[in-house]
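The first chain written gets the first letter, and so on, giving A, B, C and D; residue counts start at 1 in each chain.
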Amino acid sequence: MSKITTQQFNQIIEHELPWAADADMRLQSIESGKAVMILPYHQRSVRPGGSISGPHMMMLADACMYAVVLSMIGKVELAVTTSFNINFLRKPTESDLIAEGKIIKVGKRLAVMEVSIFSEEDIVAHATGTYSIPP
Amino acid sequence: MSKITTQQFNQIIEHELPWAADADMRLQSIESGKAVMILPYHQRSVRPGGSISGPHMMMLADACMYAVVLSMIGKVELAVTTSFNINFLRKPTESDLIAEGKIIKVGKRLAVMEVSIFSEEDIVAHATGTYSIPP
Amino acid sequence: MSKITTQQFNQIIEHELPWAADADMRLQSIESGKAVMILPYHQRSVRPGGSISGPHMMMLADACMYAVVLSMIGKVELAVTTSFNINFLRKPTESDLIAEGKIIKVGKRLAVMEVSIFSEEDIVAHATGTYSIPP
Amino acid sequence: MSKITTQQFNQIIEHELPWAADADMRLQSIESGKAVMILPYHQRSVRPGGSISGPHMMMLADACMYAVVLSMIGKVELAVTTSFNINFLRKPTESDLIAEGKIIKVGKRLAVMEVSIFSEEDIVAHATGTYSIPP
């Protein structure tokens, strides 16, 4: 079972991740080691060409990884990203993005996750990342 | 010599990268294959703990890579990131971040760059990325 | 259906990937977009401490990605790795390694894959990579 | 000043990195935070097409990072790679490869390095990696 609820994580977004709140990111569902997060389509998130920018997809992937970590270890706000890698696969359409994150391995000091980002059912980006867990 | 000026790139930020303009990112200097970009410290960019968030460092690194690409190929707005990798090295202080980008290799179809991000003279993150250049 | 058989890929290893043949790597099974490859435990592949070295896990992951690509596009030997990223998760035991690869996205010019490496049922490494497909 | 000599590192290769010794890798020079390593051209290291294989470039980059770490912390054999990322930039010619590694940041628990690989003066690959330092 997840050690944090959807509602608790959305409160973290609202109170402590102002940049994610500004972009209207929200956690849609969570279970132990799995999280689904949404980034609504907005004019302020686009790049030349009209689709959501690469950095917004990185933001979304990183926030989704944070939810996955907290689902495993509970509300530990000082868990921080130590490395992050992303491949952009296809230009998203002008629509909301859905990120599906899942744990690859969680240990005492590190957690490794992957996130797939979808735009209307097509995968548009795939990221992996490592979070450091404070003692 | 750079194929784009600092002023031209800052106009791209203002008119076409609303998320970078919102964060007050600005290009400080550019030459062929090299760019220096600044992200001012703001409350809206922070993460739990008070320092600038990982996603804002990713944004800054990606925008700096974009400037480096345009310094080599001129104003080609449809150049897009295809992959991006970052290591976070140290918690930044509550101060502006400086990104120094440089080209590793530019070819006909791909450009590869690296960016080092500094907070008060200490390196806090290091990123590499690939941009695809349209034909 | 895979565009290459296990036997055909093992012949490629034998005739054209001498370093993989030297390490006794072999493809165990293949289907469209999925491949399972084995690296037997050998004294010559170890690092200080006795477990299989990081570079051998990278070799195994890269060869497994190559099998996944060929399962999608057939025997195109000039498909080449353009980027590769790996996280090492846990020290393997002194036993054979199993790599399970799957496609994330295949397009006309690029294929992106991920590979999980297991040692006695525990995941020990996770890699993602991009192959360039010749026209 | 480097905490390990060229000769000491080449002895580590000979006695404890059999795969590197098999490929005739050798450290050419070392100073604190910098190392230059050579991989001679051999038929056994090639891929279809005749140039040195991607996995051999990964091996070379990883071994070079190991030398860089040991130049900073001395002979600590249980330092291990935790993540590794590489971009392949250009097909090498049929000649020896030279890897130039340098430290990005060394802390108590982690060291981050980058390595550029050259074939006859052209850069052919660029890698970054993280080593975990045992307590």
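Definition applied: contacts are C-beta pairs under 8 Å (C-beta built on N, C-alpha and C of every residue); 3 or more make two chains touch, one makes a residue touch a chain.
These numbers come from a predicted model, not from an experiment.
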{"item": "Centroid-based (C-alpha) most distant chain relative to subunit D", "value": "A"}
{"item": "Between C-D and B-C, the pair with more C-beta contacts", "value": "C-D"}
{"item": "Where subunit B and subunit D are represented by their mean Cα positions, the distance between them in whole Å", "value": "28"}
{"item": "Interchain centroid distance [CA atoms averaged], subunit B/subunit C, Å", "value": "34"}
{"item": "Distance from the mean Cα position of subunit D to that of subunit C, given in whole angstrom", "value": "21"}
{"item": "Overlap residues in subunit C, where contacts from two or more other chains coincide", "value": "82-83, 85, 87, 130"}
{"item": "Overall pattern in which the protein chains touch one another (line/ring/star/complete/other)", "value": "complete"}
{"item": "Parts of subunit D lying in touch with subunit C, wherever the complex brings them together", "value": "12, 16-19, 22, 43-49, 53-56, 58-59, 62-63, 77-78, 80-88, 91"}
{"item": "Subunit C partner contacts - residues on subunit B that touch it in the complex", "value": "82-83, 85, 110, 130"}
{"item": "Of all residues in subunit A, those that touch subunit C in their complex", "value": "83, 85, 87, 89-90, 104-105, 107, 112, 114, 116, 123, 126, 128, 130"}
